[in-house]
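Some structures are shown below for you to check.
Shared chain: chain A. Partners: chain B in the first complex, chain C in the second.
And then the complex of A and B:
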């Protein structure tokens, strides 16, 4: 750097280096605007490191002037939301169905909050519109009047809370056993007959089935009436959970009645009391109840 | 300029110089993570994957589920409200490699465990559109037809022990991810977890891994241990291990 040679054409300093005898390189200074921005970023970085958590000191890290953490941020956001929504949720918790219906604000709040909960947790099984996936899929529609475990608001809340065959301590439990197979209670012929009888209740027929014999199986050998009722209208207050067999709504499909009886059915609805708060459960129950089937 | 000469005229030195300069940033960012006491939260409930869950995890990686699914609930309100508590570093303690992912075509799966029924997962794996008509997820119907070779898994557990103890596996189980008993019983444990809930083998398995395992026939086919058993066993335990009742979130802000 000793020789400060100035190139006489451009007036700029050269690097002082010569190649091939006379080839020289200009040492053009960096543009001012560039250099200024560069120094600003350096200063910014130092400020940033001072403000936010940065350097490691021993087995801890410097917390920064702001003491900012992502987790504190999210806890604050959740607490703020909680504080904003708590009065509405508290009101909802204490409200009866009539209260909710009479209070336009509360009813709007419940269905909106319920819809959000439904979207995050329930649509996978019950469909985006709560109308089941399709008739016979094994995942029920929640918009019709057909309920397995009751369609009153309290019933829906309880079903969501404890689930069905979910393993929860208070689970809703009723078993549709397999009646066929080698050590099944009924022969294949008996099953065909009772399936024919069951289908006849909603006006359908099954080829090769003797309905009268089927009725006898239903009431005696099979004991189906214990759960499905003498008329096949489904579960009673004492023994709830069995579907109505007379309404031509088939949880597992009209074409699968023989299979339902032969292999049994034990569909599971998970319990939600660990994932959702009681207020969220109530909100989603109100939403479901409002979809058309609520009693 | 004279000081530069040595780099400009010697390509090996230049390469070494580049490596040193670039490593500084890496070292400053990465190395401290191994030393700060607060990197991994103290939690109750974490345990290594059982052989069956591990097999499911292997299939998850093999099939590239991570290309569409993350397993990382970020600390944002919308994510916490949708998926549950944000993911903790401690929850990836036994993941080699972790499955945080960086792309969500489908939902985050970090806490999908126990959210849906086994039957739902069976239907969904077989053909997602049979129950979620809008889904763009591919079907994996072959999982139900492919049996797993359980005998391979003892070696698998042993290999994972090396990741936990890079300096060599201890002779007396101290600090081991998988104890000798777990390794010796790997194949039996795998079959037991996909079998009857109250068998003696299942009880032994529960004891070995600290209880609260899902033990049942996951795939609806009690005769065989299939890849679908493993996949569902894995999905049904995701995010369910940490006991959040005993977890102090305020002490672990970072």
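And then the complex of A and C:
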């Protein structure tokens, strides 16, 4: 049947296939080059499958001629990034604190790098905004001006390096002992009184506490002033790390003062000198300092 | 119910894929041909010359009138300078361009395709070269069929060489929009002379300095050669989406190149028509000379009506008018007209053409709005700016002394080509004050009045950390408006940006 059948209305050749009696398909041939391109893509696909990892065989896969993996790409990208940043970190490592303060570029680099280090290592305890977990959680806010171990850049660097009660040889160490309990130094009543006195320093009250008796406990029986000072202003250069009791910031919560005295408080921050390089510690200290609380 | 008819198959003769037939447009002269030359010459001239135009922007800025400086993220067009965050201007340009396209399509069909599309222009140019080397339609068809003798090889080599030179120059001009044109031309010339020198002294050529430019030139030269030299009308018919889209943008009132079959049919050669006329039967004006098909760059027979392959260039109108003049019949057998008019004439009604109708009005109004908005925003474009981002975590910090601190990231923008110095201050809740402006550990100095001074280098932005403190006793705020002001120390120009001061208050 090698005759051409032309559709009268369109003037186009039909394929000759008929459905329902008279429904016919028009034949509009595609250009040959279109077909050629299709075959080129097929050949390309075969080459692609040979060059890149493609077929899964059991629990393995064909690695491809190129042995390409996304993982290797990531490693390469990380290495490249580290190599790119290495000179800046080297410069930071060698820079004095005065250098960092006076060099806007170096300072900018330290802040950005420090933010990344902080995000990778510090946010779990100190919060994504460096403001602790919540007020009274025991994880301090690093954004305010209240610093137990000093808010100067040098102090922050040292704290990060050696940690607090971390077991490091040079650790930041002091102790808030437990004053309550069976064998405790103070009775429950004394503790309540001294808590009331301490809270009164910042204008708060505690129900059922005798402030005058509490003051006596603070200065004599408890000996709180040994660390917190006669006026409750907190640690000095000789006895560092004791919090200021006269301000409105309560690391373990304003409502937990009785509990703090009874059971003691000895929160830990790990030392980072093994985990972070000195340049990274400098960078993260710059970031923390720049958040607003640095002195 | 009757049995469905058995499927008849005649697969033997069916060709599902068609060989490309080379189309050899015949030379033609006339109004539309002149228009096409006019656009071709002017648009190509603009394309090739524009990168070499200069524009003085002062020191520290490129002096090229049109420059897409991708490494530095700056686009320059004469007095206009675009930063990456202003990329919406390109959206605006695209909107204006597409509305213009809609409007012209609604008024006169695919005139874009016929006169202004790069595919049309370069194909026209390439066909011109072909005609110049191989002769007109008849000679080219003959050459296609001729055996590969010396003459054919000579002509083909010459033709493709000229095409390649044009293609190379097309790609070469394009890369000049992306770098300093004079410098790049100098660099490319040095590359060529170095290469030739190495070849002639029998050395292995070294990698050219401007390898990136060479790669891009090769890509664009290759596509130009392929699309304008080889693919031609195949691009319009099979690759381009525009013939499909135009169906949605046009209506029966749009002018299109139309064969006026009311006048033309029944067609026939002059001799045949004389015989028919002798019998007293009607004859049309079309003498079936096929000139309209031969001059068509896409090989369309317009007498079959409006169709996808017609690019509305009007060359068939020129061809038909010339013939009509020769045989002494009125011209305009093919013309920009509508099928509606044909029907009107067949009914004995008057022609009518309505360029002003709701569709064109809407396109025109939208076009004017888009142009107006673009112009307005370009005229009112700020060259300095201040952006303020409040810390999200923590929203505020309560200090031990009862004051409240808010941290902000402030970005100062200086698009000018000179250094600018600003003082910063805030207005908000009574007692709110900037206590520190820093960049990392670097704390900015204060002016004698106690305001922080920030220096922003030319053509840069600077990100600052700004600490605002509301002193104790005033700190019972929850959220109050806070406005940042940056005042230029030299000009006194003041920028401001509003934000909020957050506190623990109820």
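Here, the second predicted complex is superposed on the first by the 207 of 295 C-alpha atoms of A that agree within 3 Å, B and C clash if a C-alpha of one lies under 4 Å from a C-alpha of the other, contacts with A are read in each partner's own complex, and residues count from 1 in each chain.
Just so we're on the same page, a residue touches a chain if its C-beta (ideal position, glycine included) is under 8 Å from a C-beta of that chain, and two chains touch if they have at least 3 such contacts.
Values in this document were obtained by computation on a predicted structure and should not be read as measured data.
**Q** With the two structures laid over each other on chain A, which partner does A:81 touch: chain B (first), chain C (second), both, or neither?
**A** first
**Q** Counting only touches as set out at the top, which of chain B and chain C does A:59 meet: first, second, both, neither?
**A** Touch partner of A:59: chain B, not chain C.
**Q** Quick one: is A:16 in contact with chain B, with chain C, with both, or with neither? Answer first, second, both or neither.
**A** It touches chain B and chain C both.
**Q** Which chain, chain B or chain C, ends up touching more residues of chain A in the combined arrangement?
**A** Tallying touched residues of chain A, the top partner is C.
**Q** One more residue to check, A:138. First (chain B), second (chain C), both or neither?
**A** The answer is first: A:138 touches chain B but not chain C.
**Q** Mind working out whether A:128 is in touch with chain B, chain C, both or neither, as first, second, both or neither?
**A** Both partners, chain B and chain C.
**Q** Considering only touches as defined above, state whether A:153 meets chain B (first), chain C (second), both or neither.
**A** second
**Q** Indicate the residue numbers of chain A shared between its chain B interface and its chain C interface, in ascending order.
**A** After superposing on chain A, chain A residues 1, 15-17, 128 contact both chain B and chain C.
**Q** Could you list, by residue number, the parts of chain C that touch chain A in their complex?
**A** Of all residues in chain C, those touching chain A are 2, 4-5, 7-20, 231, 234, 238, 304, 391-394, 397-402, 405, 407, 436, 438-443, 463, 465, 467.
**Q** If we count contacts the way the header does, which residues on chain A are in touch with chain C in the complex?
**A** Its residues touching chain C are 1-5, 11, 13, 15-22, 27, 29-35, 97, 100-104, 106-111, 127-129, 131, 141, 143-146, 153, 244, 247-249, 286, 289-293.
**Q** Using the touch definition from the top, list the residues of chain B that touch chain A in their complex.
**A** 1, 32, 35-38, 75-77, 80-82, 84, 86, 114-120, 123-124, 130-134, 249-250, 252-254
**Q** In the complex, go through chain A and note every residue touching chain B.
**A** Against chain B, the touching part of chain A is residues 1, 15-17, 53, 56, 58-61, 69-75, 77-78, 81, 116, 120-121, 124-125, 128, 133, 137-139, 267-270, 275.
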